[in-house]
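Below you'll find the structures, each written out as C-alpha cells.
Two complexes come next, and they have one chain in common, chain A, joined by chain B in the first and chain C in the second.
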Partner chain A sequence: MRFLLDAEQRGFAASLDALLSAADVPAVIRSRAAGDDAPLRALWRRLADVGVFALAVPETYGGTGLLPVELVLSCVELGRHGMPGPLAETFAASTLLESVGQTALLPGVASGQVILSLAAEGGYAADPDLADAVLRVGEGKAPLRQSLDPARRVGLPEDAIAVESGAERATGLAALCTAALALGTGRHLLAATVEYARTRTQFGTPIGGFQAVKHRLADVLLQLDFAEPLLYGAAVALQDALPSAGSDIAAAKAACGEAGYAAARAALQLHGAIGYTDEFDLSLWIRRARVLRNAWGTPSACRRRVLAGRIDG
Partner chain B sequence: MDLRISGADQEFRDEARDWLRRHVPAHRLPSLETGPGFAAHRAWEQELHADRWSVVSWPRQYGGRDASLLRWLLFEEEYYAAGAPGRVSQNGINLLAPTLFEHGTGEQRARILPEMASGATVWAQAWSEPGAGSDLAALRSTARRADGGWLLDGSKTWSSRAAFADRAFGLFRSTPVEESGARHRGLTYLMFPLDAPGVTVRPIGRLDGKPAFAEIFLDGVFVPDRDVIGEAGRGWRAAMSTAGNERGLTLRSPGRFLAAADRLVALWRRLGDPGDAALAERVADAVIGARAYQLSAFAAASGEGGPTGAASSLNKLHWSELDLTLHETALDLLGPEGELADAEEWSEGYVFALAGPIYGGTNEIQRDIVAERLLGLPKGRRG
Partner chain C sequence: MSLRIVVCVKYVPDATGDRRFADDNTTDRDSVDGLLSELDEYGVEQALKIAEASGDAEVTVLTVGPDDAKDALRKALSMGADKAVHVNDDDIHGTDVIGTSAILAKAIEKTGFDLVVCGMASTDGTMGVIPALLSERLGVPQVTLLSEVGVEGGTVKGRRDGDAATELLEASLPAVVSVTDQSGEARYPSFKGIMAAKKKPVESLDLDDLGIEADEVGLAGAWTAVDSATARPARTAGTIVKDEGEGGKQLAEFLASQKFI
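Up next is the complex of A and B:
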C-alpha cells in the first residue's frame, strides 16, 4: 500500500506545470476560438516532447504503454491550465488504433503530430476538425457545431472509423481522463477565486472575510479534495486491471465532474459580473467545467453505473 | 501507486476478522445510551481488551498492538463490517488518550491508559458550558489552587456519555482573564471523577429521549495535582490537539461508513424501486462518499501519520455530512417503516447522525478553519 504519487511522478507534474505556465494557454484558447489552430498544434507538440501523448501509446509504436496514473496526473495539470483540444479523446483513441488497423498513426500520436478524436455511442466527437482521424463507437454522422466551451467544436464526420472491439476500455479511459481534466479545471477555478476574494474589497474589507464567501469556498475545497482520491483510486484500478475499474472510473467521473462544476459556479458567483464576461480569462475555465461534467458520462449516468456495479458485483 | 494490502497487513486483517467472527454478539446490544446498554457495552470493551483488540494502535504496554494507521483502518473496516457494537470508550480512547500520549506524564499514562483500554474506566468529555459552545474560550468554570491540588467550581454541559461514565476531562479557568491577558491563557486541563463529592450529574435526553449526554455541576470539587494534564494554565494547546483528533479520522473511521454503505445497498436491493432514479442516485452518492473517505484515509496512511490540524476539519465535514446522507436515504427507502423509532438499525443511527454536524466543533466553525488555514482567506470576527 502506497497511495501517493512518487517523486518521479511529482516531478513530471511539476515539469508540465512549468511548461504550461509559460505557454499563455488563454491566448491559445482564444486563437482556437477565432479559427487559428496553429498555436494549439504547436503547444500540443511541445507537450508531446515531454512525453504526454506517449502515455497511452503501445511501446512498439514509440509510447510507454498505458500508464493510467501518469495520464491522470497529466490531465489534472492540463485541466488546471485550461489546455484545449481533444485530449481525453486522443488518449482513449490511442488504445484503439491497433484494433482498427491504423497502427501507422501511432508514432505520430506519441510525437504530437497526430491528433485523434473519439465519439461515444450516441454522442459527438470532440474537435473532429482538429483530428487527423476520428473513431466512433456507435453509428451516425453530424455536422460540426460550436460548443459552449469557446475552444471546442463537436460533430461526427462521415469518414469516422467504426470501432469493433476494445470500446468499453477506451470509453472508460476517456471518462477517467475527462474526470482528471474536470478536477484540474476546478483546482484552478478555486485558486483564482480565493486570490480574488483576498484582494477584492467591498464595504471596506476583502470579500473573502465574509462567512458566506468563506464557507462556499471551503465547500468547493471539500468536494475537490474528496474527489481526488477517487480519481487516483480509479487510475490504480485500471492499472491493476481490477474488475471494479469500470465503476471506480464512474465514481471518479461523477465526483470530479460535480466538484469541477461546483468550483465554476462558486467562481462565477464570487467574481460577480466580471466573471460573466467573455473577455475575462477565468470565464474560459467557467465555461469548460460544465462541458467536462457531462462529457463521457453525466453524473447521473455515472451514479447508475456505480450502483449497478454494487448490485451485480 | 499501489493499493494492495501487503501479506503482513493482510494477516493482521484476517486475524481481526476471524476474532470478530467468533466474538461479535449475535444480537444487537441494547442502546449504549441506556443504563443496561451501557453496562453491556462496557462488558464488550472488556472482551475486546482481553485479546488486545480494544486499542490496536496503542503501544503494547498499555494493551495495544502498536498497529500502524493503515492496520488501524483495516481493523475498523473489519470491526464495522462484522456489525460489532458501538464503542462506549471512544471519548477516552479518541480524545483523552492522544492528549496523554502527547502531553501527559509517564505516571498518568501508566495509571490511566490500561483501565481505559479495558473499559474499567469509561470517560466523558466536559468541554462546553452554558455560555461557551462554539466559542469554547469563553468558558467560566474555575480551578482554584488548594493544598495539593485544585478546587473546581462551575458547570459543564452537553457532556457525551456523562450520564453513565466514571470520570471526565475538561478545561477550567485557573487564572482570571484580567490577569492572564487573553481568554486562551490561564486555562488548565484537568481530569476528575464523576462520583466525587461536590459533583452533580444531571442527564439530558437527546432527540429520542435517551440520556446520551448530561450537565455536570461542580461545587468545590477537589482534584489532586497528579490529574492536571500538561502545565497548569496552559491547557488550551493540549485541548486543541485533542480537538483535532475529534474532528479527524480517528473518531469516525471510514470503516463505519463503508459498512453503512454496504447495508444501504442491501436495503436498496431489497426495497428499492428501480424506477426511482432520484433515490438510486442518492444510494450511489453514499457509496461514492464512503469510498472517497476510505481512499483519502489510505493516502493519509501512506504519508506521515494522519491528517492533523486544519485538514482534519475537512474530514469532519465529509463524514458528518456523509453520515446524514446515508441514514436519511435509508429512512426514505424504508418507506412507512422509516418513521418507526426501532426502524431496523437505522433509526438510532439517524438520531446519532443528526448530532454530527454539531459536536466536535460545528460544521460552520470547521468551514471557517478550512477557509482561513487551508485557503488563506482573512480571519473573521470569530476568536
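Up next is the complex of A and C:
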C-alpha cells in the first residue's frame, strides 16, 4: 500500500493551489454572503476546468470515475483556500445521480455547470439555494436558514430528489470530503496564526517568542499532522472498498473536524480581538471550521461509529 | 501539413526563494527550488491557443538545462503541449545567452518548425534577447513582445503595445515570436492534462547530437564573463516622523528635501 502522494497527485494539488491563490477566494465568500453567487459559480467552473468536479463522475459522463485520494487532496486545497459552496455534497451526490435516474446532470457536474447538494437522513442540505439539484436521504423539508458560515445556507426544499440506494457510500464520501475540507481549513488557520505570531509584538517582542503561544501552535500542528494519515488512510480504504472504510472515514472525520476546530480556537485566541472582526478574512475560516466539524457526522457521532466498527469487526 | 510550433522554455530558480550565485558566479540552481519560468508559461499558453485555433498543429516544448529542468517540460506538457525536447549536457554549464541561442537554434532546426514561441525574458537572467538571436541564427523573421498573437494561413500576426504606440505586426512563417505577460493568463494544468503528460515523449539531446563543440558553449565559450557579484545592501531603516502637531509639515519638508515635491 502506498502512503505517499505521487508526482502527479502533488502536481495536481500545486495546480489547484496556484489557481485558488490567484482567485481572491475571500471576495468570492463575501459576494456569496451578500447574495451574489456569480463569482462563486465562475470560480466553480474554473475548478471544473482543471478537473476537480470530474473526480466523482463516471467516465462515460465526462468524469474520471471515483478517485477518493485525488478528491481528498483536492478538498484539502479547497479547504485551505476557503472555497465556499456545497463541495462535499456535490461530490457525494454525483455518485448517486445514476441511481436516481438523473444521469443527464452528470456531464454538467463534471464541467462545473451543475452544482448539487445532498441532505443526510434527518438533516439539511448545504446551500440548496445554490444547487441545481438537491438529493435527500430520508424524508423531510425545511426552510432556508443562514449558517454560522456567512457563505453557507442550509435547508431542505420540497422538490429534493429521494435517494433509494447507495446512500451509505455517498454519505461516507461526503464525510470524507468534509474531513479533508476541515483539515485544509485548519492548515490555513495555523499558517495564518503562525505568521501573525511572528509579526505581532507585545512587551517588545513577537508574541510567537512566548512559550505559551508556541505550545498552543505546536499542539494544533500535532493535531493536524496526526489527523492527516487517518484522512488519506480512509481515502485508500474507500478506494479499495475495504470493509473498514466506514469506520475509517468516521475516524478521519472526527480527527480532522476536531483538528480544524482546534486550529480555529487557537487562531481566534492568538489573534486577539482582530480574530473576531468580520472584516478580517481569517474570520471566514474560523467560522467555517466550526461548521465543518459538525457537518456529516459530529465528532461524538463519528466516535460512536468507530467504536461500533470495533465491536462488529 | 500540420503547423509545427516550438516553445522555448526555461527552468529557473523560484523568484520567491533566496536566489544567489554559485562559487563560479553562475546562477546557483541547487539551493533554491526551480520551476518553469512564469514568463514562459505565457509562451506555452499562446502556443496552445494557436494550436487549438489551427486544429492541426503540434506543440513541442524545448529547454536547455540540467536534469531538474525536465520539471519545466513536464509542467508544459501537463498544460497541453504534445512533446518535449530536453538538451542536457554537463558542458553547457555556464553558457551565456549567445551560446544558449546557438544550442536552441540547432535543437529547433533538428525538431523542425514553422513557428517558434518564446516568453519575453527569463525570470533569472532577464536578458530578453533570445528571440532576436534565434531569428538571426534561424534566418527567419522575428515579431517580438506581442500582447496578442495569432496565425492565419502562412502568416503570424500580433499586436505590440508600446508606451507611445500600439503596433500591429505580421510576418510570414516560419518565424520567431515572443509574447509578454499581458498576452493572457496561462492555464493551470488539469488533472487529465497531468495524467496525459506522463505518457508524452521527452527527447533528450546532448551537444554531440546537435553537432556543437563543447568549447563553443559553457563558461569558457561565453562571450560575457561575470567577474564578481555583490549582494544588494540591506534596506536601511526609514525615517519615522512623529506627529506632535507638526507632522504634516515635517513630512512635507522631508519630501521636499528628497525632491519628491
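Here is the rule we go by: the second predicted complex is superposed on the first by the 312 of 313 C-alpha atoms of A that agree within 3 Å, B and C clash if a C-alpha of one lies under 4 Å from a C-alpha of the other, contacts with A are read in each partner's own complex, and residues count from 1 in each chain.
One rule holds in what follows: a contact is a pair of C-beta atoms (placed from the backbone, for glycine too) under 8 Å apart; a residue touches a chain by one contact, two chains touch by 3 or more.
Here the structure is a predicted model, which means the values were calculated and not measured.
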Three-chain arrangement built on chain A, chain B and chain C clash or fit: fit
First (chain B), second (chain C), both or neither touched by A:A23: neither
Which of chain B and chain C A:S15 touches, first, second, both or neither: second
Chain B versus chain C as contact partner of A:V50, first or second or both or neither: second
First, second, both or neither for A:L144, with chain B first and chain C second: neither
Touch count on chain A, higher of chain B and chain C: B
Which superposed partner A:G209 touches (first chain B, second chain C, both, neither): first
Touching partner for A:A33 - first (chain B), second (chain C), both, neither: neither
First, second, both or neither for A:R303, with chain B first and chain C second: first
Which of chain B and chain C A:E70 touches, first, second, both or neither: second
Vertex chain A angle, Cα centres of chain C and chain B, expressed to the nearest 10 degrees: 90
Partner chain in contact with A:L230 - chain B first, chain C second, else both or neither: first
Lowest C-alpha to C-alpha distance for chain C against chain B (Å): 15
Chain A residues within the chain C interface of the complex: 8, 11-12, 15-16, 18-19, 22, 49-52, 54-55, 64, 70
Interface residues, chain A side, partner chain B - complex: 1-6, 69, 190, 194, 197-198, 205-206, 208-211, 213-215, 217-219, 221-222, 225-227, 229-230, 232-233, 235-237, 239-240, 251, 254-255, 300, 303-304, 306-307, 310-311
Contact set on chain B toward chain A in their complex: 1-6, 9, 70, 265, 268-269, 277, 280-281, 283-285, 287-289, 291-293, 295-296, 298-299, 301-303, 314, 317-318, 364, 366-368, 370-372, 374-380
Residue numbers on chain C that touch chain A, as the complex places them: 74-75, 78, 185, 187-195, 198
